[in-house]
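Structures follow.
Next come two complexes, and both contain subunit A; in the first it sits with subunit B, in the second with subunit C.
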Partner chain A sequence: MGSRALLMLTNFNFKTTVSSFGSASNPFFLIKNNLRTRNFSTKTRSSLQPPDLPGLAETARISLAPNEVEEFAPKIGQVIDWFGQLQAVDLDNVEPAIRADTEGDNLREDAPQTFENKEALIASVPSYEEPYIKVPKVLNKE
Partner chain B sequence: MASTLFRTIQIHPFLLYPTALFSRRNGVLYCTMKSSQTQTATQEKQQPPKVKVPQHALKKTVDKITRDYEAIIGIETHVQLSTLTKAFCSCPYNYGSQPNTSICPICMGLPGALPVLNSKVIEFAVKLGLALNCKLSLNSKFDRKQYFYPDLPKGYQISQFDIPIATGGYVDLDLPLEFGGGHRKFGITRVHIEEDAGKLLHSGNGDYSQVDLNRAGVPLLEIVSEPDMRTGIEAAEYAAELQRVVRYLGISNGNMQEGSLRCDVNVSIRPVGQSEFGTKVEIKNLNSFSSINRAIDFEISRQALLHSQGQSDQIVQETRLWEEGAQKTVTMRKKEGLSDYRYFPEPDLPEVILTPEYVDSISNSLPELPEAKRRRYEKMGLSMQDVLFLANDMNVAEYFDATLSSGADIKLAANWIMGDIAAYMKNEKLSINDIKLTPQELAELIASIKSGTISGKIGKEILSELLAKGGTVKGLIEEKDLIQIADPVEIGKMIDKVISENPKQLEQYRGGKTKLQGFFAGQVMKLSKGKANPGLLNKILLEKLNGQS
Partner chain C sequence: MLSTIQPPRYLSRFPLRGRTKSRSFHILSSAQPVTKTCFAADQSQILSIRDSLLNRHLSAVELTHSYLDRLKQTEPHINCFLHVSDPDKVLKQAQDIDDKIKRNEEVGPLAGVLVAIKDNICTADMPSTGGSYILEGYRPPFDATAVKRLKDLGAIVVGKTNLDEFGMGSTTEASAFKVTANPWDLSRVPGGSSGGSAASVSARQCVVSLGSDTGGSVRQPASFCGVVGLKPTYGRVSRFGLMAYASSLDVIGCFGSSVADTGILLHAISGHDSLDATSSKREVPDFTSQFTYASSLKSRPLEGLRVGLIRETVDAGVDSGVKSAIEGAAAHLEQLGCVLKEVSLPSFSLGLPAYYILASSESSSNLSRYDGVRYGNQASSDELNGLYEESRAKGFGSEVKMRILMGTYALSAGYYDAYYKRAQQVRTIIRKSFKAALDENDILISPAAPSAAYKIGEKKNDPLAMYAGDIMTVNVNLAGLPALVLPCGFVEGGAVGLPVGLQIIGAAFDEEKLVKVGHIFEQTLEGYNFVPPLVTDVGGASPEL
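Then we have the complex of A and B:
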């Protein structure tokens, strides 16, 4: 959960970049200039904005009471600042990478293999009614 | 202008649901875009007009309104890949298997389970990217698209966001002649890899929904078009061409009913001459080409009507569902701003690296694609109708090509395949791969008729036997003693016999009832068991009828 939360946060910072992608009217332009856009975002954001915590909690489907928001906001702000230190790294002479690892493909043959312990999988489903998983009624997204 | 239109609308309140208008056209559409076998399904598919209003008046009014607007249509297509296993785990996937049987910790999103990419997925994506004339990204990656929904066990979908595997392509197609014909080129914005979600079923009565995770993690390619289409027909033909391409490539069965090919359509309209786009509406639940066509045409006239009534503010950005029964679109959900999917690079999967050698080897292994086939057939001198029919189904095209390489005449081979053979396949509900007649024997049959060894009539008879039972043309001709009689003396003898047996008719003929020639020809043909050369028969018969007996 801890690492997941961090990812959420990094992602939050990433958001401004993301939405600038989204608003580009020509997606092709977006792809071609992707790497430059990244550099751009790294350089210009010298200080990071603290997140809108209630909004963040809602996106993560976590309920926070107002006092919890008050309690967490500075802590999360600290985490953001910690990430903010990365902004100081000079990347001018570094080739942009699309992934951190450089090893590349680790592919699998398209050969079927049945998972044996299916009973355990089904047993771990909180609400199951043969042959379906039962969930609260949903009709529309959002 | 607007007020005149408004008055017309008051008189015809049914205009709001101009269903009946489109039904007539659909019928034809259905047969052109479905596979060859359903050519004559037209009649059954026609919707009975639901409202008794003068159709002409109605149609004219709608045409008049829509003529002032231009529709902008873009399509997102999801193609389910026919790999044996899922995208990131080795679970087998078979459509229609028992719910929740093809699952494992990876596709169920259990903690600690790690995805490993199926190599076939990359291969299929590269094939499609090349077939759609795209630029391939030699380095791409996967991203997480996050949203909460019960059919998505992980809470995110593994997809590709800012670096899709293929971008900037196009697709060529020919519109059927019934719709005015013409060649079209539509842009492809991007193709990216992603995984499918599970299936969500809504039980009729209960207060719960049911989830089947067999489909969760099955590989998809999403194809995003440029907003290049202007009519329902163009959109439906675009989808039909994508279906042909994925089937030719062998990367998907392209079956819309099973959901292996799913199209979401974006439609907006603007007054002709205006450069900025109108508000776009997304339509879902389109599971046939004809529903794509009808839903779009419906949506265009719905939006045009609102515009013409000065109510264009009622066109809002939303997702609408096509209701097949009611033949209309209805609001599913209104969109408020862009969804925040919080994309970020998938940390559990490495970068996808394509080497130029790999891309070349796949490029060299691509089959001849529908567009290339159509252009080749066109150059052979076939009509566009023949071209579209033959190239529509890859197996039919292969059969046709094999018949030609056995030396058959181009036009005759096309005629036999599109005529008697197609009719047989339709009656027996068979595909061309199921029939017993080989392309080599079809070529032989055509040659035998052309050379005069057998008559065309006998050729048809042999054909039905070959289709059902197989065998060879030569064998059947010998076995049944069907060789055409082209000996004038022998034909003459038969004519003499018929004439002498029918003195009354001869008298009438010579008395001026020359129509009786047909009667005599029929009798001689019967006597020859259909084997007499018809040209020769008629020539000698005429001589004998007009000369001395």
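Then we have the complex of A and C:
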């Protein structure tokens, strides 16, 4: 069941700009490609450097055990390869959309409001020494 | 055409009004006696409850007891809840409602309605863990706006439901605490990430529930569990109090056992909130105002409605059983008068990698707040970075860690243009293609998932196989559109078959049309019982309405 669903992930290459949506000619692309690339390929599509897991973990402030690095690396590599298929799409002159933009910005007045339940906020802090949230010292790395 | 896989005995035990030509839709009418039927899909449970309470046919306490008993009996099998409210507190709330009614005081439109809330939505008086160890035991200092609105209208929160950690997953197996089972087959997943909320409504442990939908997390479990799931337009419902996963995609959605209930629930939580800058100021219509009594439905009530079946969603890769259920649903729509045609969205399959790039990237940023300093579980360390690294290493599960790492990669200098920016451009393309399709059609339809519920553990070690299941749903989040999923048929599997949901997609802010079409579809669909056998097998508690 899962492997059949993977057929839907097969990449199809846009050789021309995607300018018309829902036009009759495009579906033939899909059919041709589906037949050609029936098996999901895990070859590296991306020409960029593969992810450096320990470096990423440091940036993300998560410490990874060696067995986790071993376990995650191939899975993450596979997914990032799969992301790479977007490289093949012609995206010239397409504006990036930050969000769906179903509506314009709705900013409120920049006026402070008192939050009533401060005790609950403080109660949640694991290490509190009035009036400080306590943390261990900062070690400067070079 | 429409394949009925269930054995006849279930149909006869619940004499569905669907077997006869005329159905009556129970709307407020104190003159009519309340007929004792069980969970028939053609009712609005919310309106029936209101009717019974106001006419003193049933007390809120009796109703609450009935649901709590069923919860207690079904919960050991399905494990929907991470936290169940103290029964005494819940019964006290019910008692307060009964007292008000006795004194002829007004009660809210959701008075006595038991609601379950997904655990990534903050509730001040209950733990809210997001399904993660890092927030084990955390009690938020505020209610999410959606929760506050429900409580103000008289709803009773019965507990917090299980989910994939922080909404990341499609099976509810990625919860730090437990795995929820599908009420239709306990060896199968309920879907995710709002699996607990979907299964809870399916097993009739509560009347309605709230979930969240970032890439299909309300719609896919609705399909897997045979309940109705409604994803609103991005901005329709305030996200304040929803633990952010991907801020440009997240919405809070509704589950119910009928389209009417999800419409009523959505109306209750919708509307502008000054605490959410992305919430729309648009007026919220009464989503159920266009409902027609089934008995007064013309023979072709949806005459002329233009329906587009998305061709890419019934192509290779979709289960044949799902395909035939959707084809059956399409034929049913045609019988109701719809004009059906196939629509092609060529950029459709690009949505999946674009979604995962955007979602991972945004989640890597959103989850950086979980550092063990101001809330949640804190690891011990003698220096600050170590505190962050250890707290997060211990607190997060594997799927969350992987997505944070993927997102960190996609956003890093040198890769941002290649991944994140390109994904945003794909989002523009998808938005435009949906808009073009919805200019030519009133609604679009597709399956909610390429298959029915699969076995627990089946997709656990293969992330891409799991992500592939989201193909039907992610594009809708990228475009910010509303979508309704309602059960339309069954496929083989489990004791009596596994439910399949039809997804109906509408234009932005057009939830009213979705609910109207869904309601008529549901009212006129004959020969199905979408109550899982677990509910009747468990026995004991007699059905209440």
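Everything below uses one rule, namely that the second predicted complex is superposed on the first by the 80 of 142 C-alpha atoms of A that agree within 3 Å, B and C clash if a C-alpha of one lies under 4 Å from a C-alpha of the other, contacts with A are read in each partner's own complex, and residues count from 1 in each chain.
One rule holds in what follows: a contact is a pair of C-beta atoms (placed from the backbone, for glycine too) under 8 Å apart; a residue touches a chain by one contact, two chains touch by 3 or more.
None of these values were measured; they are calculated from a predicted model.
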| item | value |
| --- | --- |
| Subunit B versus subunit C as contact partner of A:I76, first or second or both or neither | second |
| Partner chain(s) touched by A:I98 [first = subunit B, second = subunit C, both, neither] | both |
| Partner chain(s) touched by A:V89 [first = subunit B, second = subunit C, both, neither] | second |
| First (subunit B), second (subunit C), both or neither touched by A:R108 | both |
| Contacts of A:L121 with subunit B and subunit C, given as first, second, both or neither | both |
| Touching partner for A:I62 - first (subunit B), second (subunit C), both, neither | second |
| Subunit B versus subunit C, judged by how many residues of subunit A each one touches | C |
| Partner chain(s) touched by A:K137 [first = subunit B, second = subunit C, both, neither] | both |
| First, second, both or neither for A:P51, with subunit B first and subunit C second | second |
| Subunit C-contacting residues of subunit A that also contact subunit B | 7-8, 10, 12, 18, 21-22, 27, 30, 34, 59, 61, 98-99, 101-103, 105-108, 115, 118, 121, 124, 133, 135-139, 141 |
| Interface residues, subunit C side, partner subunit A - complex | 124, 138-142, 233-235, 247-249, 272, 274, 277-282, 311-312, 315-319, 343-347, 349-350, 352-354, 356-357, 364, 368, 371-378, 381-390, 392-393, 396, 398, 401-402, 404-406, 408-410, 412, 414-415, 418-419, 421-429, 431-433, 436-437, 440, 450-451, 454, 458-459, 462-469, 471, 477-481, 508-509 |
| Subunit A to subunit B touching residues, read off their complex | 7-8, 10-12, 14-15, 18-19, 21-22, 27-28, 30-31, 34, 59, 61, 98-99, 101-115, 118, 121-122, 124, 129, 131-142 |
| Touching residues (chain side subunit B, partner subunit A) in the complex | 83-85, 90-92, 98-105, 108, 110, 116-120, 122, 137, 139-141, 147-150, 162-164, 167-168, 189-190, 200-202, 206-213, 224, 332-333, 338-340, 342-345, 347, 350-353 |
| Complex contact set, residues of subunit A against subunit C | 1-10, 12, 18, 21-24, 26-27, 29-30, 34, 40, 46, 48, 51, 53, 56-57, 59-65, 68, 71-72, 75-76, 78-80, 82-83, 85-87, 89, 91, 94-103, 105-108, 115, 117-118, 120-121, 123-127, 133, 135-139, 141 |
